[in-house]
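The two complexes that follow have chain A in common; it is paired with chain B in the first and with chain C in the second.
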Partner chain A sequence: MAMAAALRREGRRLAQPINALQSHTSLISQDQAPHGARSISTQIVRNRMKSVKNIQKITKAMKMVAASKLRAVQTRAENSRGLWQPFTALLGDNPSADVKKSVIVTISSDKGLCGGINSTSVKISRVLHKLNSGPDRVTKYVILGEKAKAQLVRDSKKDIELSLTELQKNPLNYTQVSVLADDILKNVEYDALRVVFNKFHSVVSFLPTVSTVLSPEAIEKEAEAGGKLGELDSYEIEGGETKSEILQNLAEFQFSCVMYNAVLENACSEQGARMSAMDSSSRNAGEMLDRLTLTYNRTRQASITTELIEIISGASALTG
Partner chain B sequence: MASSGAVPFWRAAGMTYITYSNICANLVRNCLKEPHKAEALSREKVHFSLSKWVDGKPEKPTVRSDTSEH
Partner chain C sequence: MTLNLCVLTPNRIVWDSEVKEIILPTNSGQIGVLPNHAPIAAAVDIGILRIRLKDQWLTMALMGGFARINNNEITVLVNDAEKGSDIDPQEAQETLKIAEANLNKAEGKRQKIEANLALRRARTRVEAINVIS
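And then the complex of A and B:
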């Protein structure tokens, strides 16, 4: 993002005048101003104060934007939780299912400046990848969002199968996410899809979450092994469909519902994280501004005092 | 169930349940009366770009978008 780069550049530029300023003040205190210099120019400090003030304005505005976006997306995310809950009640969540082909769907944001939510989901994905890779087990990544892509390209670009971006151009809706889920299903081979996202808990807390969607074959295998899925046989199937057909439809629909919820929850966490990040950065800018104002005033005071002393001593030399 | 007879056909056409249910949902949306219909149709916009990766390199992204069609 251009703004992030600008902020970073600003920060680097700012780092230097601080030292320059300190050396100036130390010069004053030792009374060793460069030869012929009457007073120190406060231009640099004034410019910096102006730029810090501008940055503070920007971060405040970004916080407001994030807050209003958060409110819109939060209700949608909370409503969408009703979509995956029935599936979990019916099929259960099987994060420990032992399968050959896993696909990790990492969900992240396209834009930065939102704290650590993207690195959290990338970290969780890496752990899952490590847990699920072995001699005869293949694990691939499907990546949503620019930020996770940028992080995962560095060390595991061989394992990336698909990457999807520009999700949030329009407001998120089910049709979009289902088309996306469809594209993922068509392009990867999987026994288990593990969706990694940040579940929105409150504005300041996000739980990194993994939802597992098993393929129909994997469900049947788990059902034979017993446990919660063993109860599947007690359901009666209406119509002329076979159990495997039903399971395949269910798995596909489950995936699109889980994806819908995950994308919304992650968007919600992103806005929340951005809000708190921008809040703390505008507070930081305020503190910096306070410090700068203090230095600026002190320097100004010192130069005034020096001038006064010069005038008075000059006058007394004339009269005396 | 009326739809049970249709299942093998859309499967054979290479559709997944998601595509099938989306087509059905779109049909239902088209059955709405006017102010609601335009609203419901404009709400469901699809836009994202997808790129496949081969040997650690992304291929040219394809953009799935229906904003130009409407």
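And then the complex of A and C:
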């Protein structure tokens, strides 16, 4: 700070003689001043062009990075879908199950600049929260990722049970996610877990998706009520002391698999969204640069033309 | 009358084709599955899955999970799975030794349980190789 102040002082001291010099020269030639003003405005445009060009370089680089990250995570997300499907076949997805305690697991990214994927998942979570809360029904949030946390903290801080960030610091793997799922299961009470994430369809389309994981008790209740889960009763349950013990294990395993899939899908969507956002912003920067170049050249041309006219008319006045 | 087996882990599909018979390690002992088995949902233990193709038996080391049998479709969902033929014997033996050493060193209940599980996993992998040879 002291350094900056010293510099400023130095500058002021230097500036005065320059000003004095200019006022001195302005006495000699009057037409220097408008010429100077013109050159300043082109200077500004030139600076702006330079900064736009730099920004375009940055967004282009970010797009490349996102594209290569997307390729890496896409294959893994596609592979993880296989594990999640059999669970849906066995236990079904019961978004409409009527339960007392729901927990909404919102998955978002830690970094921004990736289009609207975080705000869509937050929006869906809010809707779910509203749908599932009532006089004797409680809904809580569990948040993954910095961005959804920042948005949800504002208006529903009291409903946030748990928030976890910096999941994507090292590459996502199943062990890490299952530890995380275990953490969530240990720390919150639930009848149904609703995982909100962006399902990756293609580089430009993501579907906000909710997958529901019911607690063992809720599964049993739904199975007795019949419907989709009624099929579960036709299975013989093998390999444990009691049926509920197996169901407990099954629900936990299902949750960690659903989480693994959801986290990967969301990471995939994030990279895709970032890629298209960066693509459009580098295109915008290009357009802006084109416009600026046009203005710059036009001004330059205009100033040259005026100067030429001045010279020619001066010369003709001398000869004439 | 054909029996289809599908072994899935979070990272990949390990097996997806027709088999004649399998022996599945569940928490309450091994169960053999032939075509037209009754629908069953079972908790899978850490253990060896034996697969019969015609007259040839294959092994696979499973690291715990679930199995569902329905309509001659077997779906096995596990934390991790490795084919016996894919495991490096030397590496597996070394891991087993390390796991044994860790169990002796382990202190406290949690560490003991974890070391025990690691030992069981390592032992399963070694067994999965030795069955073939």
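To be clear about the criterion, the second predicted complex is superposed on the first by the 277 of 320 C-alpha atoms of A that agree within 3 Å, B and C clash if a C-alpha of one lies under 4 Å from a C-alpha of the other, contacts with A are read in each partner's own complex, and residues count from 1 in each chain.
By definition in this document, contacts are C-beta pairs under 8 Å (C-beta built on N, C-alpha and C of every residue); 3 or more make two chains touch, one makes a residue touch a chain.
Only a predicted model underlies this, so the values are computations on that prediction, with no experimental measurement involved.
*Asks:* Looking at A:249 after the superposition, I want to know if it touches chain B, chain C, both of them or none. Which is it: first, second, both, neither?
*Replies:* Both partners, chain B and chain C.
*Asks:* State whether A:150 touches chain B only (first), chain C only (second), both chains, or neither.
*Replies:* Neither partner.
*Asks:* Answer with first, second, both or neither: which of chain B and chain C does A:260 touch in the superposed model?
*Replies:* In the superposition, A:260 contacts chain C only.
*Asks:* Regarding the shared-chain residue A:90, is it in contact with chain B (first), chain C (second), both, or neither?
*Replies:* second
*Asks:* For A:80 in the superposed arrangement: first (chain B), second (chain C), both or neither?
*Replies:* It touches chain C, and chain B stays clear.
*Asks:* Go through the superposed model and pick first if A:165 touches only chain B, second if only chain C, both, or neither.
*Replies:* A:165: touches chain B, not chain C.
*Asks:* Going by the contact rule set out at the top, does A:174 touch chain B (first), chain C (second), both, or neither?
*Replies:* Both: A:174 reaches chain B and chain C.
*Asks:* Who contacts more of chain A, chain B or chain C?
*Replies:* Of chain B and chain C, B contacts more residues of chain A.
*Asks:* I'd like to know which partner A:238 touches here: chain B for first, chain C for second, both or neither.
*Replies:* Both partners, chain B and chain C.
*Asks:* Of the residues on chain A, which ones does chain B touch that chain C also touches?
*Replies:* Residues 173-174, 178, 238-240, 249, 253 of chain A touch both chain B and chain C.
*Asks:* Considering the complex alone, what residue numbers of chain C touch chain A?
*Replies:* 6, 8-13, 26-28, 31, 38-45, 65-66, 68, 70, 75, 77, 79
*Asks:* Considering only the defined contacts, which chain A positions touch chain C in the complex?
*Replies:* Those in contact with chain C are residues 76, 79-80, 82-83, 86-87, 89-90, 173-174, 178, 232, 234-240, 246, 249-250, 253, 257, 260.
*Asks:* Quick check on the complex: what are the chain B residues that touch chain A?
*Replies:* Counting only chain B, the residues touching chain A are 1, 3-5, 7, 11, 16-19, 21-22, 25, 43-53, 55-58, 61, 63-64, 67.
*Asks:* Can you check the complex and tell me which residues of chain A touch chain B?
*Replies:* 157-158, 160-167, 169-171, 173-176, 178-183, 185-187, 238-241, 245, 248-249, 252-253, 255-256
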